[in-house]
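The structures considered in this document are given below.
Okay, so chain A shows up in both of these, paired with chain B first and chain C after.
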Partner chain A sequence: MIALNESHYREQAHLAQAKQESLPWLMTLQQEALEQLLAQGLPNTRVEDWKYTNLKPLTKKLFTIQPASEQLSNITLPANAQTLVFNNGHFQQSLSSLENTKSISYHVLSQDTLDIKPDFTHELDDIVATLNTALLTDGLILTIKENSIIDTPIHIYHINTAEQGMSHLNHHIILEKNSEATIVEHHLGDNDNNYLSTIITNVHCFDNAKLKHYKIQCESMQAYHLASVRSRLRRDSQLQQFKFDFGSRLARTNNSVSLEQTGAYCQLSGLYITRKQQHIDNHTMIDHQVANTNSDEFYKGIIDDRSRAVFNGSVIVRKDAQKINACQSNKNLLLSEHAEIDTKPQLEIYADDVKCTHGATVGQLDEDALFFLSTRGIDKETARNVLTFGFAKDILQSISHEELRLNLEQLILAQLHLEHEQQELL
Partner chain B sequence: MNENKQLDKLLQQDYEHGFITDIESDTIPPGLSEAVVREISKRKNEPEFMLEWRLKAFRHWQTMIEPKWAHVHYPPIDFQEISYFSAPKNASDGPQSLDEIDPELLKTYEKLGIPLREQEMLAGVAVDAVFDSVSVATTFKSKLKEMGIIFCSFSEALQEHPALVQKYLGTVVPYTDNFYASLNAAVFSDGSFCYIPEGVRCPMELSTYFRINAMSTGQFERTLIIAEPGSYVSYLEGCTAPMRDENQLHAAVVELIAFDNAQIKYSTVQNWYPGDKEGKGGIYNFVTKRGACRGVNSKISWTQVETGSAITWKYPSVILEGDNSIGEFYSVALTNNYQQADTGTKMIHLGKNTKSTIISKGISAGFAENAYRGLVRIAKSAENARNYTQCDSLLMGDTCGAHTFPYIETKNPTAQVEHEATTSKISEEQLFYLQQRGIETDDAVSMVVNGFCKQVMKQLPMEFAVEAQKLLGISLEGSVG
Partner chain C sequence: MLEINDLHVSVEDKQILNGINLTVNPGEVHAIMGPNGSGKSTLSNVLAGRSGYDTTTGRIQYQQQDLFELSPEERAHQGIFLAFQYPVEIPGVNNIYLLKAAVNAKRKANDEQEVDAYEFLELAKDKIKKLGIDKSFLYRDVNAGFSGGEKKRNEILQMMLLEPTLGILDETDSGLDIDALKIVAGGVNQLRNKDRSFILITHYQRLLDYIKPDFVHVLANGKIIKSGDYSLALELEKTGYGWIEKMEKVSQ
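For the complex of A and B:
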């Protein structure tokens, strides 16, 4: 284990707890989490789950909880959109445009009274959650009411502007029966700031609910980003999740989906493009708990420079969970001789009437395809760009929301340093 | 359902090779200490370096803890309960020919159908039969000697070729490698040694039959095969064990070394006692097998059919050091009743243009757990490395489990690595297709299972393929008209 600076973290936790004074149950939980965190420390690379990701650099700096900044100069929020904004881990009412209506209601942990108690039962299960809970700065409880269909996406912005700051958020997104919504989580940071951001997103889809959940991680290239996404799907509900990793010095996401009742379906799509010294780690777990549940998972990665990417995708089919279709694939493009990819797709199956497949590939651009393009008079560099962009763009295909898709295309181009070629590529 | 009947028939089949041969064994009392290690070495009249090595291994082993990461469950093993040496009593006199061998032993082999006497010429197999821990007979030796091939028991190699053993022992699997490899290094009783000189193509399949006997004797063999430049050898290993109610520990180590342009083909059929239908008894098979492709264009190929043992824990691996070297792994693992298998391979690519192929087929029935665990590592130096992995699992019944844990680590952008895995049961469509062609359900199931394993079975040497198919317990080829 990696020990943490005890006095520093006690002090910070004390600061964090002071904010939740109106929620005594939460303060108790935070204290419990703090004790557990200090006793356990952070896992080292001898722990199987953290084999490829070293958290040691996190302890080299003492991050502190900092107030929201006066102005967010570098970031322009979209006009005419439903937004919720968190800055340095604190909710910013003045910047948020989402309103409580008949079909949407939201509460923020740090604000006034809370008439519902969100489910915090799993917050001590993994180390990211323990760390997050101990130092919790704020959180959101967003409910889409029964039978409501929300057409316009709800954007949740997480903006970190403080050097050496840290933010710890815990969100609950609840889709009641027959509701539909699109929720976009943005993670942004001032470039080259070094900070720690942890975030837990709990998603609950009740019967027949449909959620499109986007998570676009564009933290500063020096940031540490630790996230946990837990989705629970009830009868006939559907989750479409799109996860993009572009920023962070070190990012780790524990992404789990429990298919708890029949007819539940999830589709996880992911794309990570890593450069420089980035280290991006995605752990996904799809748990088929009952019969007649299906899942598709499709992650792609482009790894360049001295960066390293880790993918660990596990699919579990429980005993008696028959009639399961589960499909998983992870494809990686390794562009530099100093880059590294560690992928581990795994299946754990305890039922027999199932069709489960997984595949993983690591390779470079197809020589034949490059040759084909050069016979058409396209120079080598453009040809490489076309193919690389095409590889990444694949993941956007199932995004039906036009505006979102176009924005993501721009982000991919920027990440690949191809902004100037966009005329040719799009 | 007919399909179920066929499965039930397969599932209920009793272990055919279960019987105990009544021979007095010269056994060291249970327990493990430095004195026991010294005693084993002394009884075997080993050279000094061997004892030193064993002691170093033993001291290292004492600092290690039993690994827990495998997907298997078993009660803790008390290493002080195990007897670490057992030799058939008559063996100490050293039999000169087959006639001097205990007839009881020969009967055992006959029951197993091992071609040792009359069959030896017909089968064209040189058998180094290990009965418990000491090699009893080695055949075809003179013929191999003419060609300069050394094929003998490990003890014999230590007496006659100590320099060779000293040079290569532990260079692929060091005594510090893992818990069971260290234990083996400290207490190994015997095994096989094989040396193929430069440019020689071994004219016959070399084969060792292992058999565990004598109560509570863990068997710790060690096999070392060295293929000098330009040589070729195909080595077979087959196992059966008598019925017993007690779990027996088996921790073998196999080391293969292939130099420039050399090829080693290592095939295993493992059919140790898997325990009864309630999961009682059975062998614990914790094996470390590793090959090193030291030279350019060298090739090591592992083929295994694993049907026995209560717990199988084994990852035959290849370290591809030489440029253009090739590693292959073909495996069928069948688990039934309460058997557990956690098996797979490791392919470590270091040299340029190295290639590896992994084909793994797991079949799980009853209450069994079958896991594939594999590592493909492409080091920075491995330009143009290529790997293809396919691991398929077939589930029979809803109480068994099939799991896949592949680790893929790539540090070179010119590498191409592919992994694919599927898990399914025999599909209704496949059965329906065959049935509508007039094929009985039973036969259709056999055909599908046969087809499922064929890719691996065809890698086995002819003699072995027959036994392996029999072991799979489903009549295959013959039943299809």
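For the complex of A and C:
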């Protein structure tokens, strides 16, 4: 294990707990999490689940909980959008435009008036959650009410502006029966600040609910980002998840989906683009707990310079969970000989009437295509960028919301350093 | 315009071209025929600038310059165009934008005004009509899911738009139906003028019925072993390559 500086973390946890004074049950849980965290430390790379991701660098700096900053430089929030804003891990009412209505209700932990108790029963199950709970700074409980169809996306912004700061958030997103919504989580950071951001998102889709869940990770290039996303799907509910990793020095996401009742379906799409010394690790787990549940998973990665990406996709089909379709694919494009990808599908199938396909590929840019473009007068750098974008592009195709799709396209183009005239090729 | 002298080329220590000599003057059309594996595509790839070939001896002059000094994109800017024997598919890259980027890259390199999207569309529409290509082609990914013949027509569309000084067509006629062959030949004939030259690589004399070459060369074992005019193509059609190869051995 990797030991943590005990006195520092006790002091920080104390600060965090003080914020939750009106929620004694939470303070108790946080204390428990702290003791567990200090006793266990962080997992080292000898732990199978963390084989490729070394958390040691996180202990080299003493991150501290920081107040929200007075103004948010560099970041323009969209006008006319439904937003919820967290800065340095604290909810910012004044910057948030989402309102409580008949269809949508939200609460944050730091509000004194919280009268509902979110489900925190699994918050000590894994190390990211334990760390997050011990140092929790705030959290959101967002409910889409029964039969409500919300057409406009709800944007949740997480903005980190403090050098050497840390933020720890725990969200609960609940879609009641027959409801539909699009929720976009943004993770942003200032410049090259070094900070630690952990976030847990618990998603509950009740019967026949439909959620489009976007998670766009654009933290600073020096940030540490640890996330857990846990989605639970009830009868006939559908989750479409889009996960983008562009920022962070080191990012790890534990992304699990439980298909708990018949007819539940999830589609997970992901794209990671890594450069320089970045390390991006996605662990996904899709658990087909009952019969007649389906899943599609499609992750792509573009790995450049000396960066490294990890994809571990596990699919579990429980005993007696018959009539299952599960598709998984992970395609990677290595752009540099120093870049590295570790990809591993992991299937555990205990039923027999199951259609399960999986495939992982690692490739380079097509030399023939590069030559072809150069014979058409297109310079080498543009040719490379254009082919790279061509590789990434299909991830956008299943995004039906046009504005979101265009914004994401711009983000990807910017990641690939495609100048305006090069973009015209696409 | 193009002068190839004693060109020897090898790939991974395998000698493929064994002393090619060929001079192409402005306005001329040269047909190159020859058995499979004789080095025709290798020659066209070397002319277009593909890497991975070792030129052990010999030189190529193009418009009074050493061709090997120029990158593939510079060659394109200076008017060399290769229609590929096997056009590549490029998923994710839109055909019309490739075409426009190619045209503008060339214009920019030659200090000419670039065309905007509207002007380009007008230009492209005119050409695709002439080539009997459906407009939907423009908006599909480059060659992705195109039939063999459609890919070849797409190469010719690129050539029509780029208006090369030296067009090299590597078996563009293979896989085309009769009507498509006439259309493609029509495209080449339209471009033909006193300053523009072509090298047509083909296995079939049929293409040469539509595009009358000034010279016909036979390439075998990496060497041009016989040159003549259109009548040589007719003779080859009847008799194959055997007799020339035999004569070549005797003369050695």
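Here is the rule we use: the second predicted complex is superposed on the first by the 407 of 426 C-alpha atoms of A that agree within 3 Å, B and C clash if a C-alpha of one lies under 4 Å from a C-alpha of the other, contacts with A are read in each partner's own complex, and residues count from 1 in each chain.
Here, contacts are C-beta pairs under 8 Å (C-beta built on N, C-alpha and C of every residue); 3 or more make two chains touch, one makes a residue touch a chain.
Just so it is clear, the structure is predicted and the values come from calculations on it, not from any experiment.
**Student:** Classify the contacts of A:334 with the two partner chains as first (chain B alone), second (chain C alone), both, or neither.
**Tutor:** First partner only, chain B.
**Student:** When the two structures are laid over each other on chain A, which of chain B and chain C touches more residues of chain A?
**Tutor:** B
**Student:** Taking the superposition on A as described, I'd like to know which of chain B and chain C A:364 touches: first, second, both or neither.
**Tutor:** In the superposition, A:364 touches chain B alone.
**Student:** Mind working out whether A:379 is in touch with chain B, chain C, both or neither, as first, second, both or neither?
**Tutor:** In the superposition, A:379 contacts chain C only.
**Student:** Just checking: does A:6 make contact with chain B only, chain C only, both, or neither of them? Give me first, second, both or neither.
**Tutor:** Neither: A:6 stays clear of chain B and chain C.
**Student:** Give one of first, second, both or neither to describe whether A:342 is in contact with chain B, with chain C, with both, or with none.
**Tutor:** A:342 sits against chain B, while chain C stays out of touch.
**Student:** Can you list the residues of chain A that meet both chain B and chain C?
**Tutor:** none
**Student:** Under the stated contact criterion, what part of chain A meets chain B in this complex?
**Tutor:** 48, 319-320, 322, 332, 334-364
**Student:** For chain A, which residues are in contact with chain C within the complex?
**Tutor:** It comes out as residues 366, 368-369, 371-380, 382, 386-387, 389-394, 424-426.
**Student:** Show me the residue ranges of chain C that touch chain A in the complex, using the header's touch definition.
**Tutor:** Checking each residue of chain C against chain A gives 48-51, 71-73, 75-77, 80-82, 84, 87-88, 90-94, 97-98, 100-102, 105-106, 109, 141, 158, 162.
**Student:** Can you list the residues on chain B that touch chain A in the complex?
**Tutor:** 69, 378, 380, 393, 395-425
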